[in-house]
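As structure tokens, here come the structures.
Two complexes are shown next, each including subunit A; its partner changes from subunit B in the first to subunit C in the second.
After this line comes the complex of A and B, so read on.
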């Protein structure tokens, strides 16, 4: 068996990427944030990680709902683990609860009579970034909102790139009438006012993550076609394509096995910016109220709360800061990738 | 009678339902050959058996201390597109002011709700309850000095029915409901309607406003010709300066004819009213804080709790008022769709009602500002059934009702299941600012093992979807009306059909019987009893979870604005409305206090801050 070995050029690119420090560290932090977001239930949740009750261990995080009766409480609905924790602590028995670091989920309203939300950040009740207008923990909403936004933009990226790259390559590869007609179609297509369509669609169907992704992809795939078309025009005249053709390779083989792999540097450099773009567009749609349905945690919804409640600055500041942080990191990563893949560093033109 | 115009659309829906009676009356009027389509000059004298009323006994609600003079500054968020009362663009935000200048023969006393004289001095009704007779006030004069005559009412009817006003809704409404006007002499007339109404309702439905016949020329250029012409008025105020796009002023009519009439005395005190265009509410509030506007509405919780703070309030220059009223309230609630399998069982509906924690919403996100609604029609006096109490959030009761309905087991996610189906229902709603309330209900309902799936749609789309019964639960509301109406929302004739307002698809024989009786009953005591029975039956059937009420208005005003002892009436929507014929014009401007306040602000002298919370008209709950 052949051992897995990286192409020396790739190794060079990776080393180059690593040498650009701010991009590299951003990449590490960003990857960590992705990891935390994907397993957010362990860190930000109202469900306990572990409960020991009368000798039995319970792991509520991913399990079925455990009713209050299981722990000797007088209700059938889901256990309130924060209260259970307090109760066990005061009882001084063997029973204990291990709560996540941030003990709130993004949907629950922590409301007390006489205290009207939003409430300011408070260490005692563990709302580290305060609560929003319905008393939900802002930190929890930020984390889960981030997860949704990132899943959304990755999904959108995949759809956009598959369609965009395929069509762009075909345009560049076949040229002629096909190219001219598709170009005109894209020009017309890109003149459809995107926002109006979203408004109309979201007034007819209830927007879910899939529907929103569909709408965005409907208007988003065009961007990539232009780059791929130009790239393919250039690549298909190169010797390796000629060689492949001489060996009898079919068009499909040439496009997918030769041209696209050789355009990878172009595609890769666009990815971070597309992710940032996807996140901002979901956020702005949510901000305008055409995005995901409440009570889905979302940055846009927080942003809109923040702008209308300037007297509760912690809402706006939290989400703006989070956005700046994530988008700056992605931009740094993008820059570093662009640097690393810059053909001028690895080849010389003749 | 602003209320009438506000809810005209809804009334129309219900007026369709009176077709059966309409036919009979039409035949009678067609038989009378000497009449034109619109009016008839009577050759016979007035019927002698009429019981004339004049109501000069109901209490006066203005203040004897009121002083005339001064000016009142208010704002509008956009300049009116026309000064016409009817026709294209006449239904904008300024329509309230224009319509307040339009007087009818009678109106209702804001505290006793009995008819009081406006343009008429006496009135009577026919036995068949289709006709109302008026003797007009001979003192009544248009602001250009011409006397008011019956012809001005005939002209009004002619105008409302005319194609030239380009207002199909008015055309249809007046054609459908008004048979004609009979003129006995220049100051005596009878308005004949097409459907019988109860003796008090006659004033509401057939009391049309007068239009100056000598001023208008009803031609096909009507809409264009009268866009910016200022008509003479019978009201205490007349439009004065019109600075398009900027401001508009009204001045008090000199030697107004009504000055000494019983219910107009000591009212309409300011000399000048100015409406300046300020497009943004927050900007307008800044103008108010500078003293450029006399008063500002604070009903929105954000304004009352968060924005109305600071120096001018703490130093007592500006007073705050929270005034509970008894006006009819919109019916707000969550209607369960009885055509859905899940809500067919009454126990499920009761259990569902007990699982909606409306009180928590009120106490937390609504800051105790709103109140719980208990019945299907609140604020209608004896028409409201005060003994009904809405089902409270109670997990035990919810649990036992749901158990009866077979929803005992809970699934892995804590939501109840029955035969493999989860208790998950879609709640459809059409207002983004209701998010805050619904997410609380959703989280609380989980405790009862019920999942609410929130479905927010654009307002008009949501309404359409509800009319087509696409919802499991409709979180919505109906505007307040003159009298409670049930047929559209609860009669089986509108159940399980698209394009009707019976959101719950209620189909109940007993309820139908009451509603049919209610619609045909003209005796107000019996009608009120039926109304209460209907509300009880709606409650017993548990087809709707009543939600919130806002039975008050809140405002801030500068301390030189003086109010009568009672502050406002039972049905006021502001204490500083300068124009409303029955509820407005009660305040006056104290010039001395004004200069004293301005002086004090310069010298930083403070007064005692004042916040009045007046609950005397609050309905006990």
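After this line comes the complex of A and C, so read on.
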């Protein structure tokens, strides 16, 4: 009986977004990249996806360590599936191993006798983008570093928006002294030197992802308050807010059912730029060495290797190229969302 | 006759950049149960501010009621704790605004906006009951295909439909008093007539009182039992509609009535207008505020504010010369 149609205006916005080709395609590619990053274990991993041994099937991807003895090898530590693969192939038996397309994980040092890392890209040993200064696969590090950066940005975005929207909304809604005092607090707050705090904090505690997110959010929530504050000031003067008041609606009701829903399009337009911002800041912190502890895969750390080892240009080129690609796509998406949500675009007069 | 609302000596002022302006200056009127009271007056005389003051919906902190009482069923609304006011708004006293489009939130479906009133005042009702009741009331205000309209958005409805939705929302809880602030000015004449008829019918069903704010004396004649004529933040004349229309006592009311075109008068005759402009809120004239435009002005009019005088115990006028003119 009750149909759940989208608001026709929302449908219009979505269609408009789809019609902006480069934004739309960037969105599709970016979503795919998120999907691959979330399930990276199946694509970039030193563990096999599937092993058939003596009639039994094994799925090592998400399982605990499977000892080499399980597959008739002479060691107890974790199976080296790349070796196992080669062995099974030469044996001509029923046993087989299906490896991910990129058969390395981001933490292992693939060291071979007589070869000193970094090694250049090489199709034969399947280091498609080469290895870094300690012999780790660059592609694996890029992919897992990307995943961490995305998780970081999304988490940061969530914290920043929840705090920023709440405070901005309250400022705009209650106005008066509350607004003035919080404004001054924010102005003082935003003058705390960010990098010093990071340096101090990371000298006291080990900078984990959560700690870094906390520090970044400590400085990042303020941006959204300004937009939300202005938007709330505008929204609360609307006649439907007065009408809701006349029906007996309380502050909370007005904020949640009138002001926030009408601010969604504003919030949505900021999301892509916040994600890009989050990724860039994590990368720069890592680059400067205040970020996540090694050996966590990270673009910033790769970038600093790249800049110090110009004789191994594949390191720098890979990470710079990946950054440009992702940031450009996000910018295209952001641009298209802004276009699509611009209310001036909805009506035309002739 | 039972009185639902009595406004006594209501004064309201606004803080503006140029200082405080006294917008209402001792407004008095009564609303009998089940009757319709019309408030007329030129633009800016304080009609909307009167209704907002009564509902305690003045923009804070600039707007403020300075003095007066608003007695609604033996309680002074101005002195109630705000939490009681939330209970009264929308349930006992409702309001319809001028612009039907802007009074509805563009992002919510009609069904949600209508259902919200029930959720506010009858939190125990189930989803299904809210839905059924909403559909019923939409049908009652004459919306065809009410079920389908429930899941549409305001912009998908015509102006007349939207105003019907707004009326449905205002009447959902069967209030005892309804403020209608120029509810039909934005609509064309046929729709206007339909809406007025609808309001009249619903009034009879529910037995509520209506305060009808308008510029249109024609609407007052059609719809109202009593009329309150306001000028520059004061009530200058009030009483039963027939009496006031037949024999207006205040020069301002006379002027207003003379300015409506009438078919039984010779066509070529030019319409009478009230000379001059509404006085500026920052410097109201001394004494009677209408004296700057009044054809019957004498020296005494500029000296003291004229008292409100009862005539025959049923109507009131504030003009010192009403007997002679």
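Convention: the second predicted complex is superposed on the first by the 345 of 350 C-alpha atoms of A that agree within 3 Å, B and C clash if a C-alpha of one lies under 4 Å from a C-alpha of the other, contacts with A are read in each partner's own complex, and residues count from 1 in each chain.
Here is the rule we use: contacts are C-beta pairs under 8 Å (C-beta built on N, C-alpha and C of every residue); 3 or more make two chains touch, one makes a residue touch a chain.
Note that the coordinates shown come from a computational prediction; the quantities given were computed from them, not determined experimentally.
**Q** Do subunit B and subunit C fit side by side on subunit A in the superposed arrangement, or is it a clash?
**A** Overlaying the two complexes on subunit A (C-alpha atoms) leaves subunit C and subunit B fitting together cleanly.
**Q** Is A:92 in contact with subunit B, with subunit C, with both, or with neither (first, second, both, neither)?
**A** neither
**Q** Return first, second, both or neither, reflecting whether A:176 touches subunit B, subunit C, both chains, or no partner chain.
**A** A:176 contacts subunit C only, not subunit B.
**Q** Is A:54 touching the first partner subunit B, the second partner subunit C, both, or neither of them?
**A** A:54 contacts neither subunit B nor subunit C.
**Q** So, A:289: does it touch subunit B (first), subunit C (second), both, or neither?
**A** Touch partner of A:289: subunit B, not subunit C.
**Q** First (subunit B), second (subunit C), both or neither: which does A:9 touch?
**A** Second partner only.
**Q** For A:124, using the defined touch cut-off, is the partner it touches subunit B, subunit C, both, or neither? Pick first, second, both or neither.
**A** neither
**Q** Could you say whether A:74 touches subunit B, subunit C, both of them, or neither, answering first, second, both or neither?
**A** Neither partner.
**Q** Of the two partner chains, subunit B (first) and subunit C (second), which one does A:261 touch, if any: first, second, both, or neither?
**A** A:261 contacts subunit C only, not subunit B.
**Q** Touching A:242 in the superposition: subunit B (first), subunit C (second), both, neither?
**A** So A:242 only meets subunit C here.
**Q** What's the minimum Cα gap, in whole angstrom, linking subunit B and subunit C in the superposed view?
**A** 50
**Q** Using the touch definition up top, name the residues of subunit C that touch subunit A in the complex.
**A** Interface residues on the subunit C side: 55, 57, 61, 86-91, 94-95, 97, 99, 102-109, 111, 116-117, 120-121, 131, 147, 150-151, 153, 155-156, 166, 169-170.
**Q** Show which residues of subunit B lie in contact with subunit A when the two form their complex.
**A** So the residues of subunit B in touch with subunit A come to 305-306, 360, 363-365, 367, 395, 399, 410, 412-414, 432, 435-436, 438-440, 442-443, 446-449, 454-458, 461.
**Q** Where on subunit A does subunit C make contact in their complex?
**A** Going through subunit A, the ones touching subunit C are 1-3, 5, 7-9, 176, 238-240, 242-250, 253, 257-258, 261-262, 264.
**Q** Spell out the residues on subunit A that touch subunit B in their complex, using ranges where they run on.
**A** 64-65, 67, 75-78, 107-109, 111-113, 116-117, 133-136, 202-204, 206, 289, 293-295, 311
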